[in-house]
Structures are given as structure tokens and as C-alpha cells.
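Naming follows writing order (A, B, C, D and E), and every chain is counted from residue 1.
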Amino acid sequence: MAEKVLKKEKVGEALKELSKFRLFAPSKSNGTILYKQIEDPSDACLDFGNTTVPAKKIVFPQTETLFRFMLGNPELKEKNVEEEGTTVVFGIRPCDARAMGIVDNLFSWDYQDPYYLKRRELTTLVGLACIQPPSINCFCTSVGGEPFSEENLDVLLVDLGEMYLFKAITEKGEKLKTTLGSQLDEAPSDAVKKSGELADKANVQIKRTIDTKGIPEKLPTLWENELWKRVSAACLGCGICTYLCPTCHCFDIQDEVEGAEGRRARMWDSCMFREYTLHASGHNPRPTRRERTRNRINHKYSYFPSKFQVIACVGCGRCINLCPVNIDILEILGQVVDA
Amino acid sequence: MNGRPKIGVYICHCGINIAHTVDVDEVVKFASTLPDVIVARDYRYMCSDPGQALIVEDINNMGLNRVVVASCSPRMHEPTFRKTLITAGLNPYFLEMANIREQCSWVHEDKIAGTEKAKRLVESAVVKVRRLEPLEVKEVDVEPSALIIGAGIAGIQAALDIADAGFKVYLVEKTPSVGGHMAQLDKTFPTLDCSACILTPKMVDVANHPNIELLTYSQVEDISGYVGNFEVKVRKKSRFVDVDKCTGCGACAEVCRQAGRIPNEFDEGLGMRGAIYIPFPQAVPAKYTIDKENCLFLSRGKCGESPKCQEACEAGAINFELQDEIVEFKVGTIIVATGFDIFDARKKPEYAYGVYDNVVNALEFERLVSASGPTGGNVVIPQRGKKKKKKEDEEELGPVIPKNITFIQCVGSRDKSVGNEYCSRVCCMYTAKQAHLVKDKIPDAEITIFYMDVRAFGKGYEEFYDRVRREGIRYIRGNPSEIFKRGDKLVVKAEDTLTATPLEHETDMVVLSVGLEPRSDRREIIDILKLSSSPDLFYLEAHPKLRPVDTATDGIFLAGCCQGPKDIPDAVGQAKGAASAAMILLASGKVKVEAQTSVVDEATCRGCGFCVEVCPYSAIELVEINRAGWPVMVARVNEALCKGCGACSAACLSGSIQQRSFRDTQILPQIEVLGVK
Amino acid sequence: MKNPYIPYEVKIVDAWYETPGDRCIKTFKVTFSDEKIWDTWSHQPGQCAMVGIPGVGESMFCISSSPTEKGYLRFSIMKVGKNTSALHELEAGDTFFIRGPYGNTFPLEEWKGKDIVTIGGGIGQAPLRPVIQYIRDNRDDFGELTVIYGARTSADHCFKAEFEELNACGDACCHLSIDVQEENWPHFVGFVPALLMEVEPSPENAIAVTCGPPVMIKFVLENLEKLGFTPDQVYTTLENRMKCGIGKCGRCNAGNLYVCKDGPVFSYAQLKEVPEAFA
Amino acid sequence: MVDNAKLKDVAKEVISREDVRLLIGYRPGTYGFRARPAFVENSDQVDELIFSPACVSNLSSYLTLEEKTPLPRGVEPDLRKVAVMVKGCDSRALVQQLVEKAYDREHILVLGIPCRGVVDMAKVENRFPGVISGEIAMEGDNLVFSFDGKEETVPKEELLAEKCKRCRYPTPLISDLLLDDEVERFADDDYSDITAMEGKSTEEKWAFWEEQFSRCIRCYSCRNVCPMCYCEDCVLDRLKPVWARRSVDISENTVYHISRAYHLAGRCIQCGECERVCPVDIPLMLLNRKFYRDVEELYDYEPGIKVEEKPLLSTFSVDDKEDFIL
Amino acid sequence: MAEETREGFEPNIVAFLCNWCSYAGADLAGTSRIQYPSNVRVIRVMCTGRVNPLFVMNALQQGADGVLVSGCHPGDCHYMQGNYYARRRFTLMRNFLEYLGVDPARVRMSWVSASEGSKWKEVIEEVVEGVKAVGPMDQFKRRQLNW
């Protein structure tokens, strides 16, 4: 099977071709890298660390209509995701793609979430391997990932300097390869080898690591441990660490009305918010940021693994990088290990 | 428990007034499609008896629990329809009106546009009425008594009027005697009656009136509560003289070791007194007072072998152990009559007041011309600071009688440079009066008055001014720029602005006609009663024209110079006005309080006090509550004080204080339906 | 595959207030607008449903009727916030929407042949009512039924008529309480945990089910232990805030349990392992 | 620069006091050049405390952020003092909190840090990427970065936080203990950013803000970090009434930002925290500085300067400008 | 949207009127049969002091093209100070909205006393003209993006 490459000068063309789908790629907006639906290829920016907001927002939008209705009319009009058509995410980092795989567990557990699952089905993920870790807080290798991980990706691109190695991984990937046909070129013979070398190099560049073995089992034993108070003291209770985490998936459901028309919609929610568990009576089972932080870590590193056998963290480092007060999941895990 | 809102919408034709430019049928049709509207009807005259009966019937038959009337302005018929609801047994606040006449049919000829607007207004009323809550119209009882603060002529007059009407009055005076400034005056313009002659009987009446409880040498410490129910705390300062025993004989004062050493305030420091004293012979009550600061025994713990006064007092009234006493009582209404201060002429250094003994202010001059004053009514140049050690000293120095006296008007009035833009309203007249009195006493005196304008607006004033001018008094229009001494004469430098000639005028004595100022201690009362001040810093009336004796706070009134400069007739007139306003309350015995008041959600209030600051009626205070074990401050509204303006609701960031019937939850839906086209 | 977020319309057959006041409780008896749905619908005591009005929102309530009561579902709803206020405005003939049934059920099969004690407080009686009703409708399958119930005042008692009837027909022995004495109150005065000690049910071949405010549950559990009930003889239902009801939205978890899916019914034995359960 | 040894001594003394329950200061962060808030409850924890130009957080936020859980009956609340380290800008938050009676003056103990500026961490990380661990110190007008065994000096101007370049009050306006000599004002605000924005056309302005607001993910970090946003139940979270819907789109985001900016009018003390924490780099200071400038210009009012000051919007002057009123 | 602008555009303006002056003034305009454009829809409040400037934002979001707040002349407020507070609040809010790119013609304030029926008409005409000139307001409007 001959490998293909995408020459850098042809990226624009390729994106043009792909923009017949719902195409998302990283884009620079006011200095911030965010996924953007691309109509003009020049909006895309492939020379980036990682996006601030993870690609989860493409398959699990921050606000999403579930159904619509007219007030007083019993007919409910379900939102049809199918209409959105094929979606391509171009340049997703391997950790974000892995994260989708993890979140799939949740949305397909027992009740099937039609919106999420349909969109996943419609989406092709074109990954971009991390030649070097986008940030010093990347720790994917500690939680089962890798800078070159192919998990959940349909295509993996590897930056070889002049060109990207284009590696189709799944059937969807193969299809995309066909779509791109003329934009792709035959890979030089050493491309795969070079890619392998780069992968090895990338792996060792991950500086901050932790041995997560045993953490899921240990966490429940530390319920009342002092450490929770210490690590959460500075927390602001904002939504950064959760909204920006590719594996966080909590949502709220609210009805909105516009004149006689209305919709029921869901929107991201965060376990770090005070009102997340607040009862109408004023009672709150997680009354302070200590309980909320504990829940966040436990959820990712204990509850989720106990239910789905996988840690709900891909080590993307966003929650560390973007936490305004330097609350650091690696430090917390370190303390869990040491406790 | 709440059932579903069942709204009836009633659209009035108002004859053809509405129907002419609003398609009433269409509005009815539209209204009946709105959520929760059970019935929508139209009628020729909704406010007519059959119109109202229609509503009552529907309420009774269809179980309506909210009513929208779309007709004329709520300013016209809201009370009418509220009564309709009451008749039907519904809370009157479940009513909302849509003004489709004054603000629709009468102002828009275009029937399509008018109808469209009428629909929107009806919809807005419907969404609001749906969210209205039942309110209670409360009445509170009025305690049949009044507090009057300040016993100058204004306070005295108000006290007498209210007491005569049969209500209890507490009259609180800061100084040892009632009387205020008027007691210090000699004769009063324009009639020249002697001040003491007309004031003293009133002072005595106050003391003897069975309905008046006189609290002199006392100060209000705290007032809480609201109209009809004020709780008052007064500190009666210790006089160290048992007033029940003191006969006012004055034996004590004679022997006081400090006698003649302490400037007497009543005489503006021109006369002297001892540490135990009575401010002036006609003082009411005629009881002696020991001035704590100057009494040797009280300030140093030792007065010779033993205090002489105590020995001298046969009644045994002097008791150094006496303490301040706090008295508390309830009143229904309050009149503030705390009067004024005179302008401190030192603030105009060019006039050298305080530098030369022969520059005096007008109040000092009143004491000088007063027969009961320190000079026995002889106009002499006062010698300040030279303490009369012995009686003989006085004779030695001999009084210096001025032959040339100059008055300067408008000192501290109409003068932006000292911050007083206003006219003090009495200086022109009392200057004329004083000039006349000098002429009486020293017929050959040369008298000059520097003035800016002469304002003689009152009854008999112009006549009086004319008379004085004819007595040979020289009026020079001009504002002196400087006073200095040349030899033993004073020189007044000025410009005669009528002739535009600069002049230097030599004289023996200058009298500064100082203006009236808000009292320097006025904040005490502001803090206790939360009164507002006008820009001139006098207490602010509720409306300058229509409510001139009222304050923003129900049940609190103003009388006399505390509200602004006045002469005696005006002060008395206002006192009578305030008294009658107070008596209306006292006589009716009840006051209705606003129903659309504000209310605080204590669970979310953050105790910032923004609402407290903006409330013009001081109806909100911060109180400490226990929130799940923690002490926190939250706002609380006194519903008897709240007038329902809603300013607090807009000031509160956390949305914790809401005006009933105008809550955010009630207004936002209105905005929503009116915003949509 | 049916979209689990889309609710069914139900019609209110009857509605009445159980209790008065600001936080009043109203019971709704409803049937599906589309009768056919009954064919696919089946629920068991302990299960819940999302109840809502499009344009207002949804919240979770337990179905307070037993599957043995055919042709209708019951909900008893306390007015506490946005949805519940809107629901309270509805009357017979009106409609709202439900989806479900959700959650697990009381293991009534396993309880057969045993004595059952229900201990409820306030609106917490709502999930216990279907248990009681189920036992009444299968009376011979169960042993003795003891009903312990309390509320702040006598006016705050839900299901008053049913308790009287229960006692009268001898299906169960009911013990009622209020917090402070009132005139003409013939029953116990005090808190529910105290009443429990007064009644002193025997743990012998018995199951205890409790629901109510968190503090009450805490002391009831303690007292049951004192009476000799072992954790696996005691059941309760949890009411964590939930939005989806189907194990997605995240918030209802108590430790690693999804209350909406793994619960709301739990045995005390299970919950003892979950530190967050009674937070 | 505050001497860190002295700082520790003072902190030790303070936290040992009977009437102090907590001391909030700074400690080194977990990576790069970062520093982070430290919560010291006993003297053993004092050693980690530092102050350096990396100490960007405004710690006064924590005075109002603390969640008070319901106390069991019979348990007395712990009302002892909280000691807090504040820079000049941060101290103004304390002043404004006191203006708003957020707590009693006696409940706090203020350790003032006369400050010569802190860094813009984003700029620092751009300049020295990939540094696992390092320290920043200020020497004169230079910042000295030490990491991986080396030292680099950069003029402070280059890496200073924007707010420091406009700081009028480098020395705390309120403090019980000043940890260093007072610092002279070294900068002032010319509001050139605001004037530039005002100079744009209506269309340009909205185009700019629309772009900015559309990025907002409504993580509420800007609100939660803000020392002046401490309502128990923010109106923007409320379901009854709904001021801002929960859904995230340009309309609701705009409403969120207008509401918050208006709620900060005459209250925002320019600590810059909101803008610093925003993960998607929305120039929030450009919003609240507009109010700040207008308030200063129109009403001669600066929040967070005097404890006795009345809140801006709870006062008025009869002569307030009204040229736009018909 | 921009196309339907100007030509035939009838703006929708939400007005907040204090009960004592402006509402009474508007009533007087009615009693005097003074004709004016029908674009303004009034919400009555007791005092302009009640009007939260965020109401303006809300109205613009809900679809209004302009907002008017009208109260008693300074010094005449029935509650003495309400209009002074309102003046401050609205000055700031108006400047701010302008700064965001909302044309200031959309956010107006006026003093209309109970006796100024004809002034009310003038105010309405000026406000309506002003808003007409700048066209429909759609900046804050809910765009039903995800609908």
C-alpha cells in the first residue's frame, strides 16, 4: 500500500476541495487559535500548538437545539443532525481525537444520544501529529496517548517539513484520500521511516509525566484527605478547566422562547459551577470548590474508569495551561500518588 | 397555592373616543388569543356602572383572577377599576390598565397603526397582569403626640399650637433656655415691639402648658420608626442643679469663684457670667445650670475648700453627682425647628472682625442696644478680651461712646466667595432697625450704611425703611473692600457705585450685618432623621412651592430658619403651617402606607447598601441576619416609609430588592412583547 | 430508535392540592394524550419521569402511582422553583409532557414474603406511595406493612385520606407525626426518627424503605441500625439534581453512581460505600 | 522589591496571631515562571511564600470568594481575621469592597506590597517558551529571569502587564503593614486605547466587538476572578428573571458583557484580572476602561480610592451633564 | 435585513415613562389631541429612578429599534432624586452602547413635565426620526443561530 503525502503548497487546494463538506480547521482569531468552519482556506492555520477550545465543540456544540415547538402546540420538532452533512475536522491533535473516543463511551452507554452519535458518524477526523508537544504541560503519554497516536483518527498527518505524510487509518480516511485524489502525491520512500523517527523524538520531549497506574483505585480511599482543601483553595469555580477539556461532557438543558416559537436546547455545563448541583431548596451536595474539585478529579480518574475502563483525561494540558490560578491536575495527581 | 392565571381583558370604546381610531373588534379578537386570557370583551363605557358590573360578573362566573382594562389613562381610572375588583372580591392589585385612549386613539389618526399599537399595549398589560401579586393596603396608627426640636420662636409657636389642639408635645431645646435668637434681639422690625415683651409670655406659656413636656438643655440622640410611630431617645444633659429644688434665686451665681470670668454666649461673649449661671434673666425655665467645662469643682475636682455655690444654695439644689438622663418616648410626628447660625465674619478678613474691638457683628450689636444686655442698653465700643476683674476697672476705663457708626450689609450673604449665594432676608431690615435704635440712643450720631440693594418686601417694610432713611441716615451703595485703622479711627474703603467714586470713610465703630447660615451642627439632625439639604445646606423641603413645610419623610416637618433664612413673621407663619400639617396626621389617627413598596430577597442580598444610599425616604436599612449560621448584613425595607419609587430596584446589582408591581420579572416580559414588532 | 430527549404529551385527568402554603404540593393524575403509548409504557415502583412544559423546562419527579393502578400516572409535585410553579398552574384538562420511566426500581420481587416498613417525611412520601400501593394490590405476597410518616404540621401531610383508609381497611398500620403539638392531634409529636424508635419495628424478615429530607434520612438510618436492621435490609431513594435523566448530563452522580441510571433506589449497603451519597 | 525573607518573617508573625485564621499570599507555581495564590493557615506553611513580578493574581478576590457552608446548629462561625497580601492595584479592590460593605474592616489584615509592576505571563511565556521551571526578579528597571541554571535580563517595559503601564497607585491605598518602602507613581493613564476605539465609526466598532464577543465561551472566569463580582447569586445566572440566557451565541454573549461591564461601572478598580484570565483573549479591559474613563471624566470619580466614598451610582450631582437629554 | 432599511421602515421604540411627569405629559398630549407617530410603546413606571439601564439593552435585544426614557425635569421628581440617578445611569449606558457601535440615536432620554403635551410630541418626533435615519437595530437581536 503506497503511502501518500500532502505537499504544503497543496494544503490550500486540499482545503478548498474539502470545504464542500462542513470543514473545520484551526484558525487564528485575535491571537487565539480556535476551530473555525473554513470557507476560505487561508483562514486555516496549521502552524499551531493546540487550539484553546478543543474539537469536541464540533461534535458536541456548546449550545445545541434538541427540538423545537410552537407554544401551546403539542407537536415537537426534533432537530435533524443528518442535515448538517459530512463534517471534516482538519488538523485535530491526537489527544483531542482520543478524547472523542472516550466521550463516545458516555453518549452510547445505555441510552443512545442521537445528536452526538449521529454527528460522530458524520465526522471524519484528520489528525495532525505533534512533532513536538504543543505545551510543556502536555502529558498524553501518561494517560495512554501519544503525540502520534492514531486512536480514533481517520487520517493522520505528519509534518515532514515540506509536506505532510497522509496516513489513512479507517475507511472514512480512505474515502477522504479518494476525495483528495489529485491533491495528494506519492510519498517519498523514506517518509514512513522519517515519521517513525519523529514520533520517537516527540515522545521523549514530553517533560511532565506521571504514573497513573493505581490512581483510579486509590482515589476513593482519599475522600476525606487534606489534599483536596489545599489543591482547591485557589480555585475560582470558573468553567475554564471543564469547558476546555476535550473529555468533559456535562450539559444543562434549558427551554428558550422567542415569541410563539421555542426550543429545548442543551448547553455545556461545568461541575465547577456552584449551581451545577444546587437544589431548589438551597441545599447543595457539593457546596464548596473543594468538593467540586474533588469531583472533577475523581470523575476523570476514578468514576469514569470504573464505568468505562478508561481514564477520562487525554493529557492535553489545557486545564493546566489555562487555569487562571495555576491549579494543576498533574500536581494533584502527584499528591494522590504520594498520599 | 396558586391556580392558573385567568385573565379577563376589557376593551373600552369610550363612546367613539377609542373606537373611532382603534378597531376594537380586532383588539378583542387578538386579546382572546393571548395565553391565559379566558375572556376578552368590549363595551361602550367600561367605567360606567354596567361596564364595571360586566367585570364583576365575569370574575364571579368565570373565576377570573386577573383583569386588564384597556381604556383611558390609569391616572384617570385606575382607582375606579381597583374598586371594581374589590367589589368582586379580588385583590385590587390584580389589575393592569392599557392606555389606549390618551396614548393611542387620541394621538393617532391612522386606524391601522392605532389598532396595531393598541394590541401591543394590551399584550403588554396581559403579560404583566399575569405576573402581578396581591398586595395589601396597610394603615398604621398614629401616636397622638409630637416632637419639636428647637425652641426658638418657630418651635415655641408650633408647640403651643399643637398643644392647644390637645395633643401632647415634647419640646426639646439644646441650650438651658427656650427662646432662640429672638430672645437675643432688642426691638424687632418693622413695628419695633420689644422682642422680650412679645416673646417672654410665649416662653412662659410653653413652660406651663399642661400638654407640653419641655426638655431644655437636652439633645435628641436617636430616632427610629416611621410616620405615626417614631421612637425618640433624648439625652437630658445634667445641669448639676436639681431643677425641682432650684428656686432661681441666683444666690449661687453671686458667689461662684468664676463669676464674671466666663463670656456669656447669650450676650455673644460681650457680657460675662460664672460657672453656674442663667443665660438671661427671663430665661425659661428659670433654673440655674453649671457649665461643666468651667466649673472648678467639676473640671479640676476642687473648688477652694468646698464649692461656694453649694454652700450658698439654701434649697440644696446643687448636686455634683447628677448624671445625664436618657428619656425615651414615642411620637407620631416631628417638627424640626432648629434655627440658624449667624455668618462668621472672620471668613471675610478684609473687614477685620476679631481684629479690632470696634468692629462688631449685628447680633452683638443687638445685645449692645438691648436694655437687658451687658451694657444696659448703652451703645459703647466693646472691650473684648479685657477681663473685668473688678467692678471698678470698668469705671476706670470708662465706656467709649461712638459718635460715628457705620453698618455694612450683606456680610456673608449673596456672596459666592464665601459659598452663600442666597439673600438672608433679614439684614436689610434689621440694619435699618439698628440704625434707628442708634439714633434713638445717640441722637447726634452720624450713621452710614453700605449696601448692595435694599430689599424691603414685607408688609410695612418699605414704609419702615423709608422712615429710617428720613431720620438722616446715609445709605451708600457699595461694597467696602477693606477696613483698617488710622489713629483711633476705623477707615472703611469702598466705592460708591452710584457715582463711581472711590471713597475712604472714617468711623468709630463698624457693625457687620451678618447673614444667616445653616447651623454648624446641622449634621446631627441630618444623621438622626436622614434629612436632605438643599444646595444652600439648609434642610430641604419636599417641594419648594407646594409642600414647603414637609420633608421627604412622611411625618417630619420643618419650621423656621432651619429651612432657610426668615424673619420672625415668616418663621411664625411657617411654624403654624408645620403645626397644622402635623395636626392633620395627629387628628386623623391613621396613615395609609404605600402598597407598591419594595421588598428584599434576603437570600441573595449582598448587603452593599447601594439601595440604602439611593432611597430618598431612608426607608431601607442594613440589618444583620443569620444565614446558615453566619452573620451577614442584608437590606431591609421599612414598608411604612417606602413610597414605592423603585430607585432601589435599579440600583441593586444583584436584583435582590424589587418594587412590588414593578418587579424585573414583571417589567422584562413587557419589554419582550413590546420589543417584538 | 426513539430519541430519548423527546417527551410524550400527557393530559391531566385530575389535579388537587395535598398541602397548602408557599411550598404547596399538588398531585396530578395524568394519562397519555396518545392512548397508544400505554402499550409501550411500563414502570415499576421507584421509577421516575422527566416532567416538563415546553417553553418552561423539565425536572425529574418520581412516579407516585403504582403500576397496578392502571390507566393513569400520578405525580405529586412540590412548588419550589420555575418548573414546579408553572406545573402548579395547570389544572384538569391541561397537558404537559413527560419522558421516562427512568431509573431502577424497588426490588419488590425480592421483598416478597417480608414485612415492609416505610419511613417518609414531607414530599419524601411520594416515592413510597407506589410501594405501599403495590403491596396493597398484591397484599398476600407481603408480610406486615408498617407506614411511618411525618411532616412539619398536620396541614403539610400529603396523602391524608389514603393513610386513613389504609388504617381503616387494615392493609397497613400507619403512624403519623408532626413536629410541634397542635390542637386535636391524636398522633405522635416529634421528628420522624423519634417516631421510628417509638414504633420500634422488628428487623426480623423485614425491609425498611425511607425517603425524606437529607437530615431525616441520616437519623433514620442511624436509628434503623440501632433497631437491628442491617444495611442490606434498608433502602432509600436519592434525589440529586438531574437534567437529562439518562446518564449523560453528568451532575447527578454520587461518587461513581449515576443516580438517574444506577438509582434512584439504593440499598443502604450500596450507599455506605459512596461517601457522597448523603452530602 | 519586597525582601522575601522579611516577607516570611512578617507572615510568620501574622499567622501566629490568635486573631488571624488565614493568610493569603503567593507561592511559586507548578511550571514555568508562574506564581500562584497561597493559603497559609499555620506558620509551617509560611516558607513557601514569595513575592515576585510573577505574582499577578489579585488576592482580594478571595475575600469575597470564600463559600460559607451551612454551620451545624451550635457551631460558632470562625470570624477571625483573614490576612491578605495586596499590591497597589489589588488594594483598591479592598477599598471598593469596603465601600460596598462586603465585610468589616476588622475582619481583614492587609499586608501591603508597594509594587513596581508585574509581568504579563503570556508575553513571558512567548519570550521563554518551554521553560519547565524558572524565577523572575526585578532589579531596577529590569526583569531578571533565571532558569535552567542561567540568567537573562530584559527591560521591564517589554514584559510588564498592560495595567502596570497605567498604574496610578503602586503603593497600596490601604494596609495595616507595608512590606516595603512606598513606591512613587511611575505611570499614568492616557486612555489612548479608549480614545482610539471611540474614534472608529459605528460600523467598525460593532464589527470589532461582534468578533470579540463571538469568541466568548461564557466560562465566567472573568466574573469569578473579579474582586467586585461577588454576588451570592449573580443575576446573569438566574432563571427568574432571565437577563442572559444560558445559551452561548453572539446575542447572549453581548448581553453578558454589557451587563457585567455596566455592573462594574464606578466599581471596577482596573486590576486587569478579567482580561488576564480570559482563555480566548477578549480585551475586557477595553470595555470596563471605557466606563472607568467616562466616570472619571464626567463625575470626577475614581472607585477604590476612599473607603468613605459613596458608590458612584448611588449618588448624583444636580449639575451632572445632560447635554444629550431632550 | 439592511435592504428593508430606510424606505418604509417603521421603527419600534420602547419607552419608559415616569408616572408623574412624562406619563402625565403624554396623557395631556392625548387630551389635547396632539397627533404624533405611533412607533413608541410605553411602559409606565413610577419613577425614572426605577429604570434599570439594562432594560435598554434588553429592549434592544428583544427587537426594539430604539429606547426612550422620560421623566420629570431635574428638581421636579416626585420622589425628589430619582431622575438625577437615572440621568447618571443613562449617560454612562448611552456612552457605552455608542462605544460598542450602537448608534446613539437609538438611546434617548427626555424631560417632559405633566404640562408639556406638545413637548412630548416633539420628543417622539425627534426620536422616531432619529431611529428611522439609522435603520433597524439588529446588532443585539437574537439571531436564532442554532435554531
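Heads up, the rule we're going with is that a residue touches a chain if its C-beta (ideal position, glycine included) is under 8 Å from a C-beta of that chain, and two chains touch if they have at least 3 such contacts.
Please read these numbers as outputs of a predicted model, since none were measured by experiment.
J.: What is the chain whose Cα centre is as far as it gets from that of subunit D?
T.: So the farthest one, by centre of C-alpha atoms, is C.
J.: Comparing A-B against B-C, which pair counts more contacting C-beta pairs?
T.: Looking at B-C and A-B side by side, B-C shows more C-beta contacts.
J.: Please indicate which chain is farthest from subunit B, where distance is taken between mean Cα coordinates of the chains.
T.: Checked the centroid distances; the maximum from subunit B is A.
J.: Please report how many Å separate the Cα centroid of subunit A from that of subunit C, as a whole number.
T.: Centre-to-centre distance between subunit A and subunit C: 39 Å.
J.: Using mean C-alpha positions as chain centres, tell me how far subunit C is from subunit D in Å, no decimals.
T.: Spacing between the chain centres: roughly 48 Å.
J.: Using mean CA coordinates as chain centres, what's the subunit B-subunit D distance in Å?
T.: Their C-alpha centroids are separated by 45 Å.
J.: Distance-wise, how many Å sit between the C-alpha centres of subunit C and subunit E, to the nearest whole number?
T.: The computed centroid separation for subunit C versus subunit E comes out at 52 Å.
J.: Provide the list of subunit B residues touching at least two other chains, using ranges where the numbers run on.
T.: Residue numbers touching two or more other chains: 603, 614, 651, 664, 668, 676.
J.: For subunit C, which residues are shared contacts with two or more other chains?
T.: 81
J.: Residues of subunit E that touch two or more other chains: which are they?
T.: 53, 58, 61, 81, 85, 89, 142, 146
J.: Quick check on the complex: what are the subunit C residues that touch subunit B?
T.: It is residues 17, 20-21, 24, 79, 85, 88-91, 94 of subunit C that touch subunit B.
J.: Over in the complex, which subunit B residues touch subunit E? Could you list them?
T.: 73-76, 99, 101-104, 106-110, 113-114, 116-117, 120-121, 124, 532, 540, 542, 552, 596, 614, 616-617, 643-647, 649-651, 659, 662, 664, 667-668, 670-672, 674-677
J.: For the complex, which residues does subunit A have touching subunit D?
T.: 29-32, 34, 52-53, 62-63, 136-137, 207-208, 230, 233-234, 236-240, 243-244, 252, 254, 256, 265, 267-268, 270, 273-275, 287-289, 320, 322, 324-328, 330-331
J.: Which of the residues in subunit E end up touching subunit D in this complex?
T.: 53-54, 57-58, 61, 74-75, 81, 84-85, 87-89, 91-104, 108-111, 122-123, 126-127, 139-143, 145-146
J.: Applying the document's contact rule, which stretches of subunit B touch subunit C when the two form their complex?
T.: Residue positions touching the partner: 1-5.
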